[in-house]
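What follows is a group of structures, each given as C-alpha cells.
Note that chain A is present in both complexes that follow, paired respectively with chain B and with chain C.
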Partner chain A sequence: MTARRLLTSSNLLGAALVAVLLLLPNLTTAFFVNFVMTQTFILGLAAATIVFLAKYGGMTSLAQFLLFGVAGFMFGNAAQETGSRGLNLGWSPWVAIGFALLVTVAVAFVLGAIASRSTGIYFLMLTFVYAVIGYFVFAQIVEISGPGGITSIQRPDFLGPPVRLYYAGLLLSVLAYLGFRAAGRTPFGLALQGVRDDPVRMASLGFNVRLYRTLAFSLAGFVAGLSGLLNVWWNGQIDPASIATGPTLILLIIAVIGGITSFEGAWLGAFVYVWVFTYLRDLPLIDEIGITEARFNTVIGVIVLLIMVLSPEGLTGIVQRLRRHVGARITALQGPALGGSPSTGKRAKESGGMAT
Partner chain B sequence: MTAPSPIPPTGTAKKWPAKLPRLPVLAIVLTALAAALWVAVLADGTPAGPAIDNPGKFLVTALDAVTFAGLLFVAASGFTLIFGLMRTVNMAHGSLFLLAAYIAIRVQEAMVGRSRNIEPAHVGWLDWLVPMLVGASVAAVVGLLMQQLFLQWNEGQELRQALITLALTVVLADQMLREFGGLAQTMVWPGAVTHFFSVAGERYALTRVFILGVAVLVGVLLWLWLTRTSMGMVIRAGVDDRQMVRALGINIRLVFAITFLVGSFLAGVGGVLGASFAGAAPGTDGSWLLNALIVVIVGGLGSLKGAAVGSLLYGTVVAFSPVYLPSDYSYYAIIVTFALLALVMAVRPNGLFGRPA
Partner chain C sequence: MSKLRRRTAPAASLAAALVLVTAGCGGGDDSAGLPADQQGSGGTAAADGDGVKLGILGQCEGPFGGFHEDAAAGTTLALARFAGATSNSSTSALDGFSGAEAAGTPIELVGIGCGDDTADRILQEVRLLVEQNGANVIVGPLSGDEGMAVAEYAKANPELTVLAGISGSQEQTLQIQAPNYFRFYGDGAIWNAGLGDLLYHQQGWRDVAVIADDYSFGHTSAAGFVADFCAVGGDVTHRVFPPLGTTDYSSYIAQLPNPDEVDGYFWAVGGTGTQAALEAFINSKGDLTGDQHAGNLFFNPDLAQALGSDIAGAHIGGFATLPGDVMTPEIEEYLASADATWESIAGSLSGNEPAPPSTAAAFGFFYGYYTAGVALVEALEAVDGDISDVDAFHAALAGLTLDLPYGPISLDENNSGVVDVGLSRLVVDDAGEVVQETVAIVPGVDQSFGGTFSPDTPSPGRDFPACDERDLPWEGQATPVVDGVPQS
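And then the complex of A and B:
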C-alpha cells in the first residue's frame, strides 16, 4: 500500500483518535478512564464480533456474550488456587489465558457447527437459545461455577495498575478493528461474504458453506473470548447472572445502537451505553420526569426503539445520512469543488467530541 | 441434506451415498433406544430408580412430561402462529406472557378482596377464569398495539422486527419491574382443582391435569379455527404463499392483525396458566421466550403440528432428565435439552415439521 493511499482522511482521523486515546489517562480523571473507557473497550470488542458475523456472514448472533462469559469462567476456574467454587486448578496466568481461549474457541466451533445451516432470523433464535442454555449450564453445574459464580479472581501481575487494563483494552480494540476490517479483504473474508450473499452458488462453486460459517463463528468466538478475559480481570469476578438474557440483549443493543454493519459502531454503541449508564443520574432534572438509574433499561430500550424506527443502520447510519445531507447542501451552495471536505471536518468534530 | 451426493468412485460403493444421510437418523434412533433402556431397567442410583422397580414414579414422570408439554404448547402455539403467517419473530412473546400473568394476579386479588395469603379455598371458578380472560385480553391488546405501531410498516424486514420486539421486551420488562416489583407472585388456582389423586400409589396434583385439559381445548379450538373456517383457510394459504394471498385481493392486513391478536392472547393464556403453576417474577419472560423458541425450533416454525410435537419432546426431556439422571449429576439436566436441540438441528435444520423460510 502506498503512502498516498494510507493518507486518507478517515485513516488520519483514526490515527488521531488513537493518539488521543493513548494520551487520555493524562487528560482526564482516573474514574473516566478506568470505568467508562475500559468498559467501553470491553463491551465494544464483544459487540464488534456481532458486527463481524452480521456484516460478513449475514448471521446475527446472540451467543457472543455467552462466549465472552465462557472465557471468563474458564480463566477463573484455571487461575484460582483456592476458593469455595470452581475447579481451582491454580495454573499460571498465561496457561490459564491459553486454556480459557482454547475452550472458548472449541465451544464456539461446536455451537457454530450446529447453527451453520441456519441464517438470518433462524440463526438469531438458535443463538438466543444457546445463550440461555449456557446461562443455565453455569448456574446449575456447581463444579465450574454454580449460581454464585467465581469471586475474587486476581488479574495477572503484568496488568497490575488499572490503567494497564485500559491500555490492554485499547490495544485489543485497535487490533480487532484492523483485523476485522482486513479480514474482509482476505480470501477467507471474501468467500464468507459470498456465502452470505448466495450460499447456493458458493456451494456449487465448491466452497464448503457450513465450514466457512463455522470458522467465522469460531473466529468471532476467539475475539469475544479476549473481551471476556478483559472483563473478568476488570470485574475480579463472574457469575451466571452477568451472562443471562438481559446482558445478552444489551450487547446486541450496543451493536444496534452503533449500527450493526459498521465496526466503528460497535465501540460507539458501547461508549453511548456506558456513558448513559454512568452519567444518566447526574443530568439535571432527570429525576423530575421520573427517569432514575433504576429505570435505565427503559431509557436504553426506548433509544434502541427510536434508532430502529429512524434508521436501521444505527448511529453511524444517522451520521452518514446527515453527512450526505449536509454535503449535498454545501455542494449545492458552493459548487462541487468544496464538496467533500467541509462535511468530513464536521464528522471529525462529531466523533472526536463523542469519544473524549 | 439437499447437497447432491458425490459420484461413487466404483460400482461397489454405490450404496454409500444413499446410506450416509441416514447416519444422523440412525444416531437418533440409537440414542432414543439407549435412553428408553436406561429409564426402563438401568437407572440405578437416580432419584426415581428404574421404571421396572418403580412404575409409579415412571408414570408420574410421564404425566409430568405430558402436562408440562401442555403448558409449553399454549405458550408456543401463539408464537408459531404469528411467525407462520407473518414471518415475524415476536421476541416480546415472553413479555406478553408475563404481563398477562401480573394483570391476572392483580385482578384476582381485587376479586378475592385480599392481596396476600390467598388460599385456594377462597377462590371460586370465576375468581380464576375472569382474571385469566382479563389478563389474556390485555396481552392481546398490547400485542395488537405493538403490531400496529411498530411492526406493520416493517413487513418483510424480519431482523429489524426481531430487534424492535427485543427493544420492546427490555422496556416492558423494566416497566413491569417498576409496576409489579421484583418478588415472585403466584396466581391461585380455584379450590375446585387443587386436589390430589393417586396414580399407581403416588400422589398427583389435579392442577397439572387441568393445565393439560386447557392445552387440549386450546389445541382443538385452534385446529378448528385453522381448518374449518374461511379465515383459517386464508391463514393456512398465507403460511404457504403470502404473495398469492395478497394478490387474490384478500385483506391481509386484517388477517395479520387478527393473527397477532390471537397469538398474543394465547401468550396471555399461557402466562396465566404458568403463573398459577410456577409463579411470575422478573425473568419469567426470558425463560418462557426460551421455552417457546425451543419448542418451535424443534417442531418447526409456523406449524401447529410441530408445536405439539416439539412441546411433547421438550416436555419429556425437561421432566425425565432431572429424575432419571444419576442423583449426583441431576443438575446436568440442562445439557440434555441442548442435546435434543443439537440432534434435531443435525437432522432437520428447519425443525421436524418446518420448511425453509
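And then the complex of A and C:
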C-alpha cells in the first residue's frame, strides 16, 4: 500500500524532474547551469519562504530578503580572514555557516515575535519596514557590512567548482520543498493553518497564536538564511544594495509570478524571472519595439501584470486551470459512463479553495 | 488521491519548461557538456584564435544611467580611429560597431552590459558577457562599487582582460590588485590632487566641511581632497556621507556647518544627487557663494543653468578630460574624429538629447572608455595581434604609455593610471554663461599620494584618511594655466 501510494504520477514526475536536474550539467552549457539554474535555486529557495508563510500562516512577508542578507553578511564577517571590510573573524567555514544561520534565525525570531501580533496588510507593511530598516542598518553600520559591502567571500572548499554550488542549490531546494510540504501535515503545520484561518478560535482552544506565527517566521528565516549563504558563495560578495527595497520587491514578484500559494511556483517564478532577465534582451528585434536593457524592469512589470490579470494564482494557477479545462473536456467526451462529473466538480471547488 | 493529482500539473509544467529551455540553450553550443568547473570564462575564445570578443559594461539604470551612450561611444570612437571600426548607427553607439581589427586581429563586440550602480547587478552583467557571450576582453565598468566587483571577478578569472571604463574607486586597483585589471585613467582621489593645495594657498581656506556620496567613489574622492588639503595644513571639520541615490538631502545638509562657520565646502555628490544636494543647501543655508564651494565632476553647464550664476567662483577638481578652454591640436583632432564618426550622439552633457558627438567626447565618462579602447588597440599591436599568450598580452598592457589628447597616461605597479590632473574654476563668460576655466594642471599624479595610500592602508572611508599634514610630491608643483595656455 505504501509503495502504491508513493507511485503516484505526481511523485514520478517529481522524481523525473530531479533526475533531469541531476543530469543537467551534462546536458547543457555551463553558463545555463551555473548562472541561470543556480540563481533559480537561490531565488526559488528564498521565494519559497514567502510561499510557506503566506500559504500556511496567511503572512505575506517582505523581510525574507533581509534575512537572506543577514546570513550573507554574517558569513562574510565570520569567514573572511583579511581585508579592510567587515570583522574579519577568520573562522572555519563550518563555524561561519553555523554562526550565520544562528544569527539569522535569532533575528527572524525577534522580528517574527514583534510582527506576530499583526496580519494582512499590516503584516506586509511591518515586514517592509523591517526590510528598509535592515538595509539602512547594513548601509550605515559599516563595521559589519563593508564599507560598500563585503567582497572576496570565498565559498567553502567542499563547494569548490561552480557545479557543486548548483548541486547544493538543487539539494537544498528539494529538501526545502519536501520539508515545507511535510510541515503542512505536521501538528505544527496544521495548527499554523488553524491560526491562519481563525486565530480567535485557535486562541480559545489554548494555542499560543503569536508563538506559532513567530516559530513559522523563524523557520522561514532559517531557509532564507540557507538561500543567503548560497548567494554569497555564488556571488562572492554582498552589498547593502543587495538587500535594498528593489531586490526585496523582486523576491515578492517572483513568488507572485509563480503563484504565492504554491511551493512549485516559487522555483517556477524564479526560473521565469532569471530566464527573462538573461535571454529576453537578446531576442531578435526586441529593441525595435523599444525594449532595451534599460526597459527590462518594464518588461518584468508587464509580465507580472499579464500573469496577475490572467491568473491571480500565478503561473501554477494558469496551469491548474488549463488542466481542469482539459480534464472537463475529456470527461465530457468520455461521457458519464466513467463517472467523472461529480469528482470534477469537487476538484474544482477544492482548487478554488486553495487559491484563497 | 485527487489532491496529489492536482499537484501533478505544476510539476509537469516546470519539467516541461526546463526541458524546453535546456534543449534551446544546449543545442549547437560548443561548450555543451563542458563540466562547469572547467568552464572557460575569459580567454577561451582568444586561445582558440577567434580574436578579441569585446564586452562593454555601461550603466543604463541607477544614478549614472544617463551615461550609457557615452560609455559605449567612448570605446567605439577609439576603435573607429585606430582599428577601422564603423559604427552601426550614425546616431547611437549602443547599436554597436563592425569591421574593427588591430594588428590583424578582429575585435568583435559581443554585448553591452547594463549596470545600475550595484555590485550585484554588474556582476550579473559581466557574467552574461563573459560566460554567455564569450567575451574575453571587457571595457568597463563605470561606477566605483561596480569597479571593485568587476576587479574581484577579474581576479577570479585570470584569462579575462578588463580595461576599466571610468570607475573611480581607489580599491579596485590599489587593494584588490587583479593582474588582469587595468585602469587607464585616474581614480577619484587623483582627480582632487592639488585642489586642497590651491584652495589653501590661493583662496585662504583653512576649515572645510566635506559632503560626499556614501560609497566607494565618494569615499575615494573625499579622501583625495582630505589628504591634499590637510597635507598643507588645512582642517576638515565635518564629514557628511549621504547614501548614493538620496533624493532629499535636507537632513544631511543640516549636519553641515553654516557658511560663516567654515571657509568652504567640498562636494563629492554625483550623478542625479548633485543638483538635489545643492538645492537643499540653498534651501537650508541660503544662496550659494560660489567661491566657498569646491568639488569634482559636479559643476557642469546644466547645473549652472539650474542653480544660476551664484555658483560661479566654485573650484573643480579634475576629471578625465580638461575643460574646453584648453584646446590643443590633439584635442581638436580627437573632437573632430567624434564628429566624423556619428551625425549626433545623445550623450549625458546634452541631456541625452541628440547633439554633436564632440559634446559628449569632451566629457570624462566618454573619455575614460575611449582611453580603454586606445589601450586595447595599442596592446594588440604590441603583441602583433596574438592574444593566445594572455600573460604577454597583459604585460604589454601594463607597459603601455598612451599618448592621448588630454595628456599622456602610463600605469603604476598596480595597473592604475598615472595622469595629469586639470583643476578649474567656474566663471561667467562674456555672454553671461557660467563656463569652466582651467586654472592649473598637476602633472603625473599616481594613486599612492606619496605613500598616503597603499595596499596596506585601509580603503578610503568615512574616517580615513585622517586629517594630517604630510608631504605630497606635487605640492607647489602645479602648472598654472592662463587663458587656456599652460604656463610651463
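For the reader, a short list of remarks on this structure follows.
Methods note: the second predicted complex is superposed on the first by the 330 of 356 C-alpha atoms of A that agree within 3 Å, B and C clash if a C-alpha of one lies under 4 Å from a C-alpha of the other, contacts with A are read in each partner's own complex, and residues count from 1 in each chain.
We take it that contacts are C-beta pairs under 8 Å (C-beta built on N, C-alpha and C of every residue); 3 or more make two chains touch, one makes a residue touch a chain.
Just so it is clear, the model here is predicted, and its values are computed rather than measured.
After superposition on chain A, the partners chain B and chain C are seen to clash.
In the superposed pair of complexes, A:S311 makes contact with neither chain B nor chain C.
Legend: residue contacts after superposition of the two complexes on their common chain; A:R117 is shown touching chain B, with no touch to chain C. Applying the stated contact rule after C-alpha superposition, one finds that A:V142 touches each of chain B and chain C.
Look at A:T60: by the touch rule set out above, it reaches chain B but stays clear of chain C.
Looking at the shared chain after the overlay, A:V129 reaches chain B, while chain C stays out of its contact range. Once the two complexes are overlaid on the shared chain, A:T331 sits clear of chain B and of chain C alike. In the superposed model, A:N88 makes contact with neither chain B nor chain C. Number of chain A residues touched is higher for C, counting chain B against chain C. Of the two partner chains placed by superposition, A:T261 touches none, neither chain B nor chain C.
Of the two partner chains, chain C is the only one touched by A:G160; chain B is not. Shared contact residues on chain A (touching chain B in one structure, chain C in the other): 142, 244, 294, 296-297. For chain A in complex with chain C, the residues that touch the partner chain are 8-11, 13-14, 16-17, 20-21, 24-36, 83-85, 139, 142, 147-149, 151-152, 160-164, 166, 235-237, 239, 241-242, 244, 247, 259, 262, 264-265, 267-268, 271-272, 275, 277-278, 292-294, 296-297, 315-316, 319-320, 322-323, 343, 346-347, 350-351, 354.
Taken in their complex, chain B has these residues touching chain A: 3, 87, 89, 150, 157-160, 162-164, 166-171, 173-175, 178, 283, 286-287, 289-290, 293-294, 297, 301, 331-335, 337-338, 341-342, 345-346, 349-350, 357.
Taken in their complex, chain C has these residues touching chain A: 1-15, 17-19, 21-22, 25-26, 29, 31-39, 60-61, 65, 68, 94, 112-114, 117-120, 123-124, 127-128, 131-132, 144-145, 148-149, 152-153, 155-156, 171, 175-176, 214-216, 219, 243, 458-459, 461-462.
The touching residues of chain A, counted against chain B in their complex, run 60, 114-115, 117-118, 120-122, 124-126, 128-129, 132-133, 136-137, 140-142, 203, 244-246, 249-250, 252-253, 256, 294-298, 300-302, 304-305, 308-309, 312.
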